[in-house]
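Okay, handing you the structure first.
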Amino acid sequence: MDANGFFGSWGGAYIPEVLYQTFQDLKLEYARCRKDPAFWEEYIHLMSTYSCRPTPLTHAENLSNHFGGAQIYIKREDLNHTGAHKANNVMGQGLLVKRMGKKRVIAETGAGQHGMATATMAAKFGLDCTIYMGEEDVLRQRPNVFWMEKMGATVIPVKDGSRTLKDAINQAFRDWVTNVDDTHYVFGTACGPAPFPEMVSWFQSIIGIEAVDQIIQAHGKMPKKIYACVGGGSNAMGIFKRFLEEDVELVGVEAGGHGANSGAHAIRLASSDATPGVAQGYKTMFLQDEDGQMKHTHSVAAGLDYVGVSPILTDLWEKKLVRFESATDEEVMQALDLTMKKEGIIPALESAHAFAGAFREVGKLSVDDAIIINQSGRGDKDIFTIAHAFEDPSWEKFIIDRGKEYSKKHSG
Amino acid sequence: MDANGFFGSWGGAYIPEVLYQTFQDLKLEYARCRKDPAFWEEYIHLMSTYSCRPTPLTHAENLSNHFGGAQIYIKREDLNHTGAHKANNVMGQGLLVKRMGKKRVIAETGAGQHGMATATMAAKFGLDCTIYMGEEDVLRQRPNVFWMEKMGATVIPVKDGSRTLKDAINQAFRDWVTNVDDTHYVFGTACGPAPFPEMVSWFQSIIGIEAVDQIIQAHGKMPKKIYACVGGGSNAMGIFKRFLEEDVELVGVEAGGHGANSGAHAIRLASSDATPGVAQGYKTMFLQDEDGQMKHTHSVAAGLDYVGVSPILTDLWEKKLVRFESATDEEVMQALDLTMKKEGIIPALESAHAFAGAFREVGKLSVDDAIIINQSGRGDKDIFTIAHAFEDPSWEKFIIDRGKEYSKKHSG
Amino acid sequence: MEKQLRKKLENKEILLMTHIVLGYPSLDVNREVIEQMVSNGVDCIEMQIPFSEPMADGPVILKANQEALAGGTKVDDCFTFAAEIIQQHDIPFLFMTYYNIIFKYGEEAFFKRAADIGMKGFIIPDLPPEMGESFLALADKYKIAPVLIFTPTSTDTRMEELASHGRGFIYCAARRGVTGSKSEFGDDFKEYLGRCRAATNLPLAVGFGIRSKEDIDVLKGKADMAVIGSRTIQLVESEGAEAVGPFIARLR
Amino acid sequence: MEKQLRKKLENKEILLMTHIVLGYPSLDVNREVIEQMVSNGVDCIEMQIPFSEPMADGPVILKANQEALAGGTKVDDCFTFAAEIIQQHDIPFLFMTYYNIIFKYGEEAFFKRAADIGMKGFIIPDLPPEMGESFLALADKYKIAPVLIFTPTSTDTRMEELASHGRGFIYCAARRGVTGSKSEFGDDFKEYLGRCRAATNLPLAVGFGIRSKEDIDVLKGKADMAVIGSRTIQLVESEGAEAVGPFIARLR
């Protein structure tokens, strides 16, 4: 990152003037933390006592045999407290907030995972908490909303724009510019104005730092390839960062939605649909029209359904240090199904994109090689989406019956 | 355990003759495993790569300050793969099954956690899997059923008796006596005929073995008390076992349901409602009538709603080595609420009993002391029960709307 | 009881034991069914005291247990009823039940009362001899035959061990599994019965899934007694108690 | 533009700038509203080119942006319309928009076309000077004033830095937050305005939540221009374009 927050020609901090001083303070505190080994130690201690770091690296023997190619290893971010890698970032920012003495946090959330993680952190650190969530995502991820509220957070459904992640981000910024003095905005992914992309990647880099030791121990040498799904890019950056120093191919898998040519997807880097732009505080490749208006995106995975992408990844893409692929909703459901049946592991819909991307290629590698798939989260929170997508009849009946019961209660 | 499987006067193996040889084989293989250090090593390796052992010990600072008594530490079994301590037992038995060369596993399940864990293990080890689940529990825990099926297991709702855990156990035995040659019954708790109580406790003892080092590291000395909820008794035995050697008070918390005098509870040892009996293959204190017919029990937590209890715990209770308490449904919901708000942690309804039991007493201890609460599982799987119990209006609306959507689809 | 059965065997190719669940559908119907059974030549009847957790029983008997309990059947009622029945009919009667019924009643009290009313034997499917030391001692003391069970999974050694504790007769389960569904009587079965015979001098009763004259004919010459369980319960359910007599009569 | 404004200030205690969102509710209504504004003495108008992510705008302008886009408003339409309006009315016009609109159009092309049609300034709330090196250079080249923003969180140093890059006037946000809701003009506000004045010689425009004659009166003597934003949009929504003229007239 250069002094203005750029990675190559991407990134920066395109922020309303009212946030200028807050960003100065944030950058200063962040720089202090990076220089202070005690901060990272405190972070590691927190993550290993409150969440369960190091998260394991699981050898997926059955999947490996099924494809007959490289040995598949799964980095288990799903075993984090709150069920996803989001905890890494949020707990790190929580420690920062404590140092800065702010009393309130806000966050946007798409899949609800980042909102859950932030509400959790706020409860633990005794902070007020407001979560912005696109109305459409509130509907897709109701259980998460329930838990966030139970943990004391206020969840505000955002009814503007496409009513998904990007609109929640705008709304969080509106809150922030209003309550800038006592509030920290816990950005949920490696996007947004500097220093967020770098800071979030730093906290997430714990994934790759652990994985490098784990794969050497399990496999004796570096893996050939690493796969991660890419929404904003934080779990991908988290596992990629450490491996950029090594001779390992890094593959980001974006949300192919109904297909690359359908117009209903969220492929920023693996298709030519995206163009350079500046929004939500940073410069990157956006899915936008010729006027610069952001397009509607689609993915079965709420957490990947986003118009922009980490400027760090865009830079790495431009420099050909990371390869980008996409997986369609349908491929993802198949990958999910196979992983459940073969390994007893339920990836989040987001993470299942990384699985789908890996499954396409792993058979071509030698059985002596290894790949790592970053399982960013667990899928059991996605029950409403997954059971829906599989059109499970007993699930539907169960919901119908429950609904009738509640209807009766309210009318009777 | 004596040669006949008794702990004091409790336990034994009251099994149909057809299972005699299978139990001989099982006891033999189990004895071999106990003697073979490589087996335990393999078990530890599996649990630290597939699940996330050691699970952390979390210092609950906010709760500790709230009560102003001892420092509260939480042993985080909720961070296990599949979300509960059940994984410890199931993976251990999975290794045993592999050694015995059986191709199929069956299990009973109450809360669904043990069924989930077994289905997961079966997927991982490539075994056929059938899960018996009381029809009432199928309704309470629908999401678990969905996932078990997705992992390739067959879930059979049991419509006999009280349609809960004990009936699922009977039904599993009926399957076992029929398919004894190729099938292993993965008993889910420290109950049932010998060697199950001891074997399950052995696998679960990993909890206490880890906790002893962790509490010394965090707190510098032994805790004063340890709290665990008691359904069948496996998570309690898991954390208690290692501490039986130390000067630590062990407290088991049973399901108080609507209250000790309501008749609607599952208090076996902390009330005088239970009497000695023999059922489901073993001798223990059962909630039964004067003829020896088992009574209906009640708990908001499906996993504690059981008529019997581990014979090992009954023995320890008789010897006054473990104290038993109970917590009502209402106290449990309050404890759950407080824990979510103060710590950002969502205990399973079962585990919340241990929290409720501890909260009653922790204020009386000194701030220099520590207690450990065993958080046997995570509560987010209980969304249907918890959101229901809190009568959350937006949850109810959400379900009503979803129900209507599915109704329309089926009629249209 | 063994003697009683041997005597009957002098005149019959094979004996017949039937099963009823006390209190299902009611003690009155039980009485009528027993009457029909005895007068149509049944040699021995096992009366099941219902239990809430009948883990070795299949769906038919399981349901019968539950309904008997739901109807309010108590252990005491079962004793009173059994006393009356034993008075009326001159064949051996057994109690079949699960161990908890006896344990909870008090083992010795249970044996004593059973002996007092003339009960001949007990079949307790969840009490292997290892768990039944005091039970077996009391059986001896009160002269009530503890009927033990052979199964196709029993090794020769195990059969001998069981035989050494069993009295009255040995109950040979025709197959793995619970009561109720059909059994196959093929080569494996014949080999199994051969092993049973070799292991004991006690009469052999074969049960589990015996439903027709054909089934019983297969057993003739190989076993001493055929056990009809679920079939008659189903018959009472579908056609009433009066159908039992003709059904039994047709079996030989 | 600074000169133009200073000239007007010779005759007026305070100037008035208004805000319209191009294409909301339609360009035709925009035209009528501008007509009413100008003929009732508005001194300067910022025309917002709608953007899909207006992160610094409150609910009223946010909605206006969305509806303008939903109605099909294109950047090209905005230029064509602005060219026509500038021709017709002899007051300075500015484009207000977010940086992506300019970036995507091509910075230089955008400046060139804006200069060609006589546009006087740009207000870009998400482009701090650090991010706008080429933008500021082009502004200089094409003589279009880059209007920068002071806020109550700006330190004195920051204000000086902003002032060194700003041209035309400085837009002083009356408070933290987004456009739309009411501001308080208490002691803190006065101290803030004092700091603004000390930091720059440029005219000061005060905006955010100014809705009435009373609000404007407070600003007299302290600021050079009052900015009415959301208020007139709401007025058009509730009472139609023809209500704007009388409203503006009543403000002084």
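Letters A, B, C and D name the chains as they come in the text, with residue numbers starting at 1 for each one.
The working rule: a contact is a pair of C-beta atoms (placed from the backbone, for glycine too) under 8 Å apart; a residue touches a chain by one contact, two chains touch by 3 or more.
Quantities reported herein were computed from a predicted structural model and do not represent experimental measurements.
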item: Topological distance between chain A and chain C, in contact steps; value: 2
item: Remotest chain, chain B as reference, centres from CA atoms; value: D
item: Averaged-CA centre spacing for the pair chain D and chain A, given as whole angstrom; value: 37
item: Where chain A and chain B are represented by their mean Cα positions, the distance between them in whole Å; value: 33
item: Where chain C and chain D are represented by their mean Cα positions, the distance between them in whole Å; value: 97
item: Separation of chain B from chain D, taking each centre as the mean of its C-alpha atoms, in whole Å; value: 65
item: Contact graph of the chains (line, ring, star, complete, other); value: line
item: Chain pairs that touch, as defined at the top of this document; value: A-B, A-D, B-C
item: Contact set on chain A toward chain B in their complex; value: 48-52, 55-59, 62, 76, 79-81, 83, 119-124, 126, 139, 142-143, 145-147, 149-152, 218, 337, 340-346, 380-381, 383-384, 386-387, 390, 392, 394-404, 406-407, 409-410
item: Complex contact set, residues of chain B against chain C; value: 4, 12-22, 160-161, 166, 169-170, 173-174, 177-181, 275-281, 283, 286, 288, 290-294
item: Chain A-facing residues of chain D, complex; value: 51-58, 62-63, 66, 69, 74-75, 98-101, 103-105, 125-128, 130-131, 148-155, 158, 162, 173, 176-178
